[in-house]
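Here come two complexes built around chain A, the first alongside chain B, the second alongside chain C.
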Partner chain A sequence: MARKFFKSSETSIMINRYSWRELIGIYCGIAVFLFFMLAPFIEGFLVSLKPLAQLFSSPYSFWPENGSFEAYRTMWISVPSFGRYIFNSLLISVVSTIIVLILVVPAAYAFARFRFKGMALVLGAFLAVSMFSGAVLLIPLFRLMRTLGLLNTYYAMIVPGAAFLIPSAIWLLRTYMMRIPPELNEAAYMDGASQFYTFRRVILPIARPGIIVVAIMTFIGAYAQQFIFALTFNSKTEYMPLPVGLFAYFGKQEVIWNELMAASFVGIAPAMVIIFFLQRYLVGGLTAGAIKE
Partner chain B sequence: MTQNRAAWYFAWALLAPAILYVLVIVAWPLIETFRLSFTDASLRKTTNYVGWRNYLKIFDKDFLEIIIRTFTWTFFSVLLKMVIGTFGAVLLNCAVPGRNLFRLLTMPPWIVPMAIGIFMWGWMYNGQFGMISGLLQRFGLSDGPVVFLAYGTSAYWATIVTDVWIGVPMVTIYFLAAIQSIPRDLYEAAWTDGASRWMRFRRITLPLMMPPMITMSMLSLIATFNSFDIIWILTQGGPSGSTTTMIIDTYQTAIGSKRYGEGAARAVVICIFLSLFCIAYFRMTRKLATAQKA
Partner chain C sequence: MGQLSLKNVVKTFGDFEVVKGVSLDVHEGEFVVFVGPSGCGKSTLLRMVAGLEHTTSGDIVIDGKRVNDLAPVKRGIAMVFQSYALYPHMSVYENIAFPLRVEGAPAKEIRKKVEEAAAILHLENRLDQRPGNLSGGQRQRVAIGRAIVRQPEIFLFDEPLSNLDAALRADMRIELTRLHKQLGATMVYVTHDQVEAMTMADRIVVLNGGYIAQVGAPLTLYHKPENTFVAGFIGNPRMNFMPVNVLSVSDDGITVDFQGQSLTIDVDVPADRRAALVGSQVSLGVRPEHISLGAGDATMALTPTVVEHLGQLTIGYATLPGHEENFCFVLTGTQMIEDDRAVNVSFGAGDCHVFDADGQAFERKIDMSAMTPPVSL
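And now, the complex of A and B:
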């Protein structure tokens, strides 16, 4: 085999050389794959540009004729509280993220650094939490919220939602913190630092990049999955987050699709801005969670 | 020894808030669900214990059908997620120009608020004016409008496709990470021996991808089993129950018709299945871990 005569540094270059036929195949495959992932967004965006009359006409036309951004203006008029929905979504996500961080940062450190009896079991129990969806626990939670008088408040959406964001946050941050060398703890101990001082002054500053990744992931998760609790525990328009609020575009006779799509894109914007600016952290964060120790 | 004891207290003090939170919001409701399943709790002020009546009541032909439907729905969805996710991961791993952009472009379905993605699919499935039906008619594949969400079979598959769409990005990224952690010298050695690209994929990539694939399919199975938003927004379990999975059924009984006791009994059945999956998952990961060490 002729290939045996290449040096290993050359091998890794040669191995990745594709023939033009392979290249076409790869790009076609990627195109099909990405089309599936993005088609709803493309179509949704085009719909947001079309006037309602063109939407509800046959035959179907893909491109908008005399398309405009009109729907992006009228959507604020037909659903005046739309701005409020976005604000609510952001507020719920931010507060959930803060709660999760306050609970998870110490817990992840404990799981990463200490090995005491029973802790493995507790970690397992935390991970098991993510396997029970909120839907299964809705009945007692609903009764609890009603008894505490928390129905139709922000708390009813934030408090249960945050619990289900804890497991993956713990897992991600624990993985990160396990990479912090234990010698740091020993050195701090030798210098007479207390456990708390070590955690606060040595570990937390080092773990900051990891905590940022977890904060971003938790925020995105909180922003993306606020449906069932909002649907069930809140019926007040002024507290509705985006996913439930968008139902306001479902009119009595027909759905105002172009405005619904325009509103969707405006609602997506915060998540997209985050992806764009923090993609470096994101891809790292996603894969760090995937590869276990 | 004093250091150890101090560390013990400290470790548990760090864990305490999170444990407490999860106990109140997850563990207590779980136990309470079990308790309620033996009562006739409803909007009425008084609740009585009724023994196994709720369970006897729900186990009829309809409920069995719902269970079977949940399992087939979950099975097809997970299967498609794994196949498409592998396909995507292998392609995105290719060293071609633009791959970082392509990787980024797979993420939107995952990161965008779920409800919004589902609304967009709702439009795609619209029979009169939606894209899929429109294109089918345009290319002469269908004579009239295809109202996807109006018929049992098509609604069933439509909800699966949307679930797959939301699930694929995570599977793809996870598999991509798994492929990238395969040592490069394996490929180089195989290449030196003249193994073709397909051969390298079949003999190196696929076998080494097996453990992460099994892990992911279990995780995906649990998530898919719990899927609520997609079906609720697209069909609310209809038409005539053809997309009613166990979660939807529980929601309708408990929150829809306020029969808390009966709903709780249905939720308990879900919990039992989930616990079985959970145990299977932990066993499998442990087995995989020991296999890797050996």
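And now, the complex of A and C:
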């Protein structure tokens, strides 16, 4: 995973060597790509530094004059419950991720290791389900939630969110687990280990990088999709997640753009910290030395 | 303890019969080697003994107890896999300790046993490393260490050395033989390598297409193969087979007509079969290493198409008229012969084997104890 493509040292193998022309081309490509990805963020950040008046001045100045972090202070005053929205978002995403992991890890293992009737069918169904976004099924889901009495609770946002993330998570983790050599299961069986012991002591540790990838994907997925469910299944302000909370900056007369941008960055920060923390555990090559390939 | 019997063991995968009725007794403390061509069911047989595959029919009996439905640990068996199958996330210590941890042994006992095993396998300095940082030979030793800590009565090895290079394989071979002596446990060993089979085995089991072709001590298999399959399989290069006509049969053996020379081979022929045999065609087998230059009991003129000079040996291949397989001969030392140049070679009647039309051998009347210095195992 930590493969270096641009090793200039002499130890780099032939296939990783590029001429200076190719290097320039590659970096230009990366720069263009990055620019498209990052431009909105850069502009957003610059906006958050400007006083509100400057945003509507013409001609529009891209760089902030006498910019300050004032918006990062006033945002908490304009929308006092913003902290609550961040907490809600994190809570919904974290709980969804935990639920997904608890269900998906054993399921992926079963799909990777065992053969059973109807397996292809179930896997195909998962794939089909993950092609729908939750949005398509909002109305039936709404009726379901109402019947179950889950409207206007945290569950209304957690349960459908987790449900829609499970299929793709199973596919992802199953692929990873299929790469764990089955000989390890046989060896553990020969050593007297039960299926569950083998799963806990052998498979889980080896699958850890895969599980973390799934955790990150699920967390991001839950973070991104929660606002659909929040808007539809929840009308209580105190349960609203961050994306909905950001609407609070849309005032009656005007939108407080600089505070909105500041709030967006502040709101993302905790999620970034969590993802950064998780990906430190992404170490490759965990199966090295298990079997002779 | 450690006595293993297979009774008419059969294994089918779907409609495909892989092991077709194998019966075998392995004595306590014996080193038995399974050999046979690829796909003949060696691994399948071993995995059935291990408990990794169900037995379609027949019994597997260990120390007088039928174990068909027992888990591997309950059978008192440990297995070493060809691919090592080490736990990559655990240190060498934890890998070896794994079976004891499963048992829930106390930490002190685990430490003692793991250190014992590590000492036997010269792994004392590697205990903290991960398998990924070890060489092939060391990994294989860790795999063996994991097998010996539980002190099983029977060890199963499925081609444990085939992933190692030639030099390491020779070392590990010696080490395994030493280990066998030291532990005194029963060992069943699958290999492709004839040298491993010949040097390590107390008895070799030759498998062919799901059947046992012959069971016997390595030298018995070499000197008294019971059929053409074993005769061709044991020994390298393969034995040469030539069709010959029987002139007469007596107590002295079979007299055949070999390219106009009459040759009497000292084999045992049951009295009731003698009459039918006269005039029929049999197969004359002679090993390449028993052929020498110049004249002898049976002399033949050959034109080798390829000659290989190895210094220590000179190997020649010739085509015989009406014969598909190459006729091969191995001469000791460096012999000045060239390809496409005719030479006279010969072999002694005492080195010949005779097989009937079904490929079954007539037993040679040779005294094995009076032969070349006995090999001590």
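Observations on the structure shown:
Methods note: the second predicted complex is superposed on the first by the 235 of 293 C-alpha atoms of A that agree within 3 Å, B and C clash if a C-alpha of one lies under 4 Å from a C-alpha of the other, contacts with A are read in each partner's own complex, and residues count from 1 in each chain.
In this section, a residue touches a chain if its C-beta (ideal position, glycine included) is under 8 Å from a C-beta of that chain, and two chains touch if they have at least 3 such contacts.
As the structure is a computational prediction, the values presented were derived from the model and not from experiment.
Once the two complexes are overlaid on the shared chain, A:Val159 sits against chain B while remaining clear of chain C.
Of the two partner chains, chain B is the only one touched by A:Pro106; chain C is not. Touch criterion met: A:Ile220 reaches chain B, while chain C stays clear of it. For chain A, the partner that touches more of its residues is B, with chain B and chain C as the two candidates.
By the touch criterion defined above, A:Tyr197 reaches chain C but does not reach chain B.
By the touch criterion defined above, A:Phe132 reaches chain B but does not reach chain C. In the superposition on chain A, A:Tyr189 makes contact with both chain B and chain C. By the touch criterion defined above, A:Leu148 lies against neither chain B nor chain C after alignment on the C-alpha atoms of chain A.
Residues common to the contacts of chain A with chain B and with chain C across the two structures: 189, 286-287, 290-291. Partner chain A is touched in their complex by these residues of chain B: 3, 6-8, 10-15, 17-19, 21-22, 25-26, 28-30, 32-33, 36, 41, 84, 87-88, 91-92, 94-96, 102-117, 119-121, 123-124, 126, 128-131, 133-135, 137-138, 145, 165, 168-169, 173-174, 176-178, 180-181, 184-185, 187-188, 191-194, 197, 212, 222, 226, 228-229, 232-233, 247, 250-251, 254-255, 260, 263-264, 267, 270-271, 274, 277-278, 281-282. Chain contact summary for the complex, chain A toward chain B: residues 1, 3-4, 6, 8, 11-12, 14-16, 18, 22-23, 26-27, 29-30, 33-34, 36-41, 43-44, 47, 55-62, 89, 102-104, 106-107, 109-111, 113-114, 116, 119, 122, 124-126, 128-129, 131-133, 135-144, 159-160, 162-164, 166, 170, 189, 195-196, 199, 220, 223-228, 231-232, 242-244, 246, 257, 260-261, 264, 267-268, 271-272, 275, 279, 282-283, 286-287, 290-291. Across the complex, chain A meets chain C through its residues 181, 183-184, 186-193, 197, 201-202, 205-206, 285-292. The part of chain C that touches chain A in the complex is made up of residues 50-52, 71-73, 77-79, 81-89, 98-99, 101-103, 130-134, 136, 139, 146, 150, 163.
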